[in-house]
Amino acid sequence: MMRINIDSTPSSLKSFLNELPKVDQVGAAARAAMLATRSIKNDSKKKAIDLAISMVDLTTLEGSDTPGKIKSLVTKALHPDPSNPDVPHVGAVCVYNDMVSIARAELDRIGGQSIPVAAVSTAFPSGRASMAVKIQDTQDAIAAGASEIDMVIDRGAFLSGDYKLVFDEIVAIKDICGQKAHLKVILETGELVTLDNVRKASYLAMAAGADFIRTSTGKISPAATPPVVLVMLEAVRDFYNTLGIQVGVKPAGGIRTTKDAIRQLVFVKETAGDLWLDPRFFRIGASALLNDLLMQRMKLQTGYYAGRNYVTID
Amino acid sequence: MATSDRIDVKKTYKLYINGEFVRSESGRSYELKNKTGKFIANPAQGSRKDLRDAVTAARAAHSGWANATAYNRGQVLYRVAEVLEQRKNELITAYTLETGSTQSVAQKNVLAGIDYWVWAAGWSDKIATVLGSTNPVAGPFYNFTAPESLGVVANFPIISGGFLALSATIASTIVTGNTSIVVANEKSPLIAITLAEILATSDVPNGVVNILTGKDSELQPWVASHMEIDGVEASGLNKKSLGELKIAGAQNFKRIAYFKNSTDYKEIERLSAFIEYKTVWHTVGY
Amino acid sequence: MVFEYAPSIESTTILKLANRYQHFIGGKMVAPAGGKYFDSLNPATGEVVAQFAQGSKKDVDKAVQAAQNAYDKIWKKMPAAERGKYLFRIARIIQERSRELAVAETIDNGKPIRETRDVDVPLVASHFFYHAGWADKLQYAGLGDKYSSYGVVGQIIPWNFPLLMLSWKIAPALATGNTVVLKPAETTPLTAMLFAEICQQAELPAGVVNIITGDGETGKELVNHPGIAKIAFTGSTEVGRIIAQSIGNTDKALSLELGGKGANIIFEDAPIDEAVEGIINGIFFNQGHVCCAGSRLLVQENVAGEVIEKLKKRMSLIRLGNPLDKNTDLGAINNAPQLAKIKELTQAGIDEGAEFWQAEVNLPTTGLWCPPTLFTGVWQSHRIAREEIFGPVLSTITFRTPEEAIEKANNTPYGLSAGVWSDKGSRTLWAASKLKAGVIWSNTFNKFDPTSPFGGYKESGWGREGGRHGLLPYLKSSVKG
């Protein structure tokens, strides 16, 4: 809808984005800090932990990834706590292009058909490749069984003001995804620097057809800072209120503890609202987080603090 | 015909309101006599309605005067000193007439008064620096405090200070951007009106200084209760009058200041008595 | 999966309440001369927190005498740097006892623990720490060496920020070398009595701080006591006026921090989401029991629809309830007369034809509560646009041009605070320069700091509290009579 509304000439895109309300950095940080004081205890905490587990995009994005590591990862994705079948499976696994088929096949083999495989794409993490390569990257991943594509935007183009180029790339990748894959657009907010840019990039991605907007690659610091997540949640909320299109949000990078994760859920609840408290619309890109969630879950069940060797390392 | 036979042209002393010289709307004047009982003049006896008109003028003049640049206000005050210097003899004459003092006493007082205008002129663009501040709040905010003019101020100058005290009360009030209504002491209207006549030929905008003569005991209650008067310099009032002023002035929380007599009146408290401090916070971020 | 917040109640075990608290006079806890006590209630439950001594003329006499003795014999003679050290000590003890003080304040006042813990008590500590350092630097306060202390200062504080207002009063008074007789509000005396204990812990010389509890009559005795050289009052404009009148024929100095009807101005280019937070913080912080509350929302017509829609959604997220719950945003209304006043003015708004909206909330069955309330379609002539409601009730007025915004904002006898929301620096500074208010917050609201002077224009008060300017009301100028 928005894609139709904005006639996507460079100048109209630019003026649309520049006319978005600005973000006061101090105010956004203050709001995030206030929400961070929410105290989530007992039953709420238990629910929040399970909800968070179900939202984890369990991720490994290392040059040293091996088929064995991927198989281990997807096993954990399906049964985060092998001794406790009550624990929900994670939202998705997120891997590099060449690991997609391995992840997909293993998930299918062990009964994890319902867990999607997300592939980082478009020359992740830098995005420095030709459009042809980016398209090929995406097509390969989908062909290998990826049902979610986590693409990066061209931050260089964005920062230089060439919103049209960024827009067109997203549109092109979205066209390839079609009905076969959900598109998550990684803004790499650490490189966009300002919250005004985060808001602009969020709208640009949503207008171009993103199903999700994702904060970061995880390769750049700062990543999913609280004010960044807050601004992106405001963007999807307002986009939904205006156009009725519900776009998801995925913070990724730096969310390592249960406290961090629950904080994310509080941000969601008090910013975008309950509609987003759903793995279809909120994901947390993480790797180490899952174990902390499991340990906290054990603490709630047993009443004592869990040990690190009671959860699996991968 | 010899000059000594010439009939003097006697002067009529009027009120000074909004840059104009007017008779009291009440039609009243009173007899001013010197210490030996000799008739000097018939100054106007200002009424509550004259006060009301003066307040209207002072209120109307406030915004323009307060918003003039400090540099501009400083030059206007300095210009007053220039004009005074040129016409100091008129003031010396008025002073001697009223007080019966010697020429040299009068001259000393008048010259000190003129110098006071120069002193005050120099304050216009320094007061914010001296009285303002930036405040290191514990957070991502730029925070500063700046003085601002209060508004309309009524002045009851100390009579014993003569022209110097009169100059001090007016100049220290208006240099910060306030407008003034001077209620001259009953016994000292000539100096005040002479000053008014000089101000009228200076660059002080109409309504910035208004001078009423008459009985301060009559005008004080109306000053105290007028809701458009923001501050009162009460140094010339007696204890009883001051108490009444404070009680009635509490209705709109007038800022009331009472200064001890002074040798030179060059005290920054005279300026700071009629300013408000405004503190502004702004977020610091990108 | 539904994710709601379970109750997360702050433990009260840290607070050891006495059944009865006495006056604090001459360094000792002293029973009231009249032998009478009154109850202070927890407004969230209606339960009695404790009993407090009812101060009489005799008690006030005794306290003033103790303060005068301490002034003449100890405090006036003490090297300023040593005076400062006591204030540093007090600041540190407050930090150490901060959780206890926060719990006590929440129980006695009804305000959320999140605010007492994160705002009130930290500011109390910082206020003492800040003023401690002034004690031996008063020659830089602006009067050169032409100053002295007053002697015994009588201080009367309100119930909205009991301990914070105590610190705003006592810290500058002591730093400038005065001694104090303070009367806390009748409905919130608890933390003042804990502060009395802190004075003892800090070994503050006896009589430097005296605290008398009681009602308005006690306050009157204090104001009219001939041994008081200066009065500092925070409270309503009505009472401030009465005090000013009652001491008109004396030489007593007076500083006042009174009411307000602050305008919170939202320009079309405002950072809207942060502005909505600022509106919320402006009027719902501390249940709107804030003299500088942004109780008049002035919003530019072309963004009014969007702002109000977002505001209503945000208001619906406000968590009202048990003030001890760490997730509570809006606590209890402090006292029954205040709730009655809020209701009366709310009804007046409805009767005058303004559009009334309240967030849907379940009010607790016991205690005093008021839901977050919004009026739109308010005119300048409505009572809810002119009178201080002192509760969680916001009146919205629209404007078209910047000049109109300023004209409406200034069209009140009050002049305490204002907010300006814009992304344009020149517009912000222009508005800040035109607003007749002592504190202007731009792109923020209800921020306080000991270094930042606070106080009102017009009928909002006399003098400033905080910063260098806040010392001046406690320093007697040798130039003034």
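Order of writing sets the labels: A, B and C. Residues in every chain begin at 1.
By our rule, contacts are C-beta pairs under 8 Å (C-beta built on N, C-alpha and C of every residue); 3 or more make two chains touch, one makes a residue touch a chain.
None of these values were measured; they are calculated from a predicted model.
Chains that touch both chain B and chain C are the following: A.
Comparing mean CA positions across the assembly, the chain most remote from chain B is A.
For the pairs A-B and A-C, the larger set of C-beta contacts lies at A-C.
Closest to the protein's overall CA centre, chain by chain, comes C. Look at where the CA atoms of chain B average out and do the same for chain C: the two points lie 37 Å apart. Our note on geometry: chain A versus chain B, Cα centroid distance of 70 Å, whole angstroms.
Centre-to-centre separation of chain A and chain C, using mean CA positions: 44 Å. Residue positions of chain A touching 2 or more other chains: 24, 26-27. Along chain B, residues 141, 283 each make contact with two or more other chains.
Residue positions 443-444 of chain C are each in touch with at least two other chains. Considering their complex, residues 140-141, 283-286 of chain B touch chain A. Residues of chain C that touch chain B in their complex: 126, 142-143, 240-241, 244-245, 247-249, 256, 258, 413, 415, 428, 432, 435, 437-444, 447, 449, 451-455, 457-459, 461-462, 464, 467-469, 477, 479-481. Listed in rising order, the residues of chain A touching chain B in the complex are 24-27, 29, 193-194.
Of all residues in chain C, only 1-8, 114, 118, 269-275, 277-278, 317, 326-327, 423, 443-444 touch chain A in the complex they form.
For chain A in complex with chain C, the residues that touch the partner chain are 21-24, 26-28, 30-31, 37-45, 47-48, 50-51, 54, 231, 234, 265, 269-270, 274, 277.
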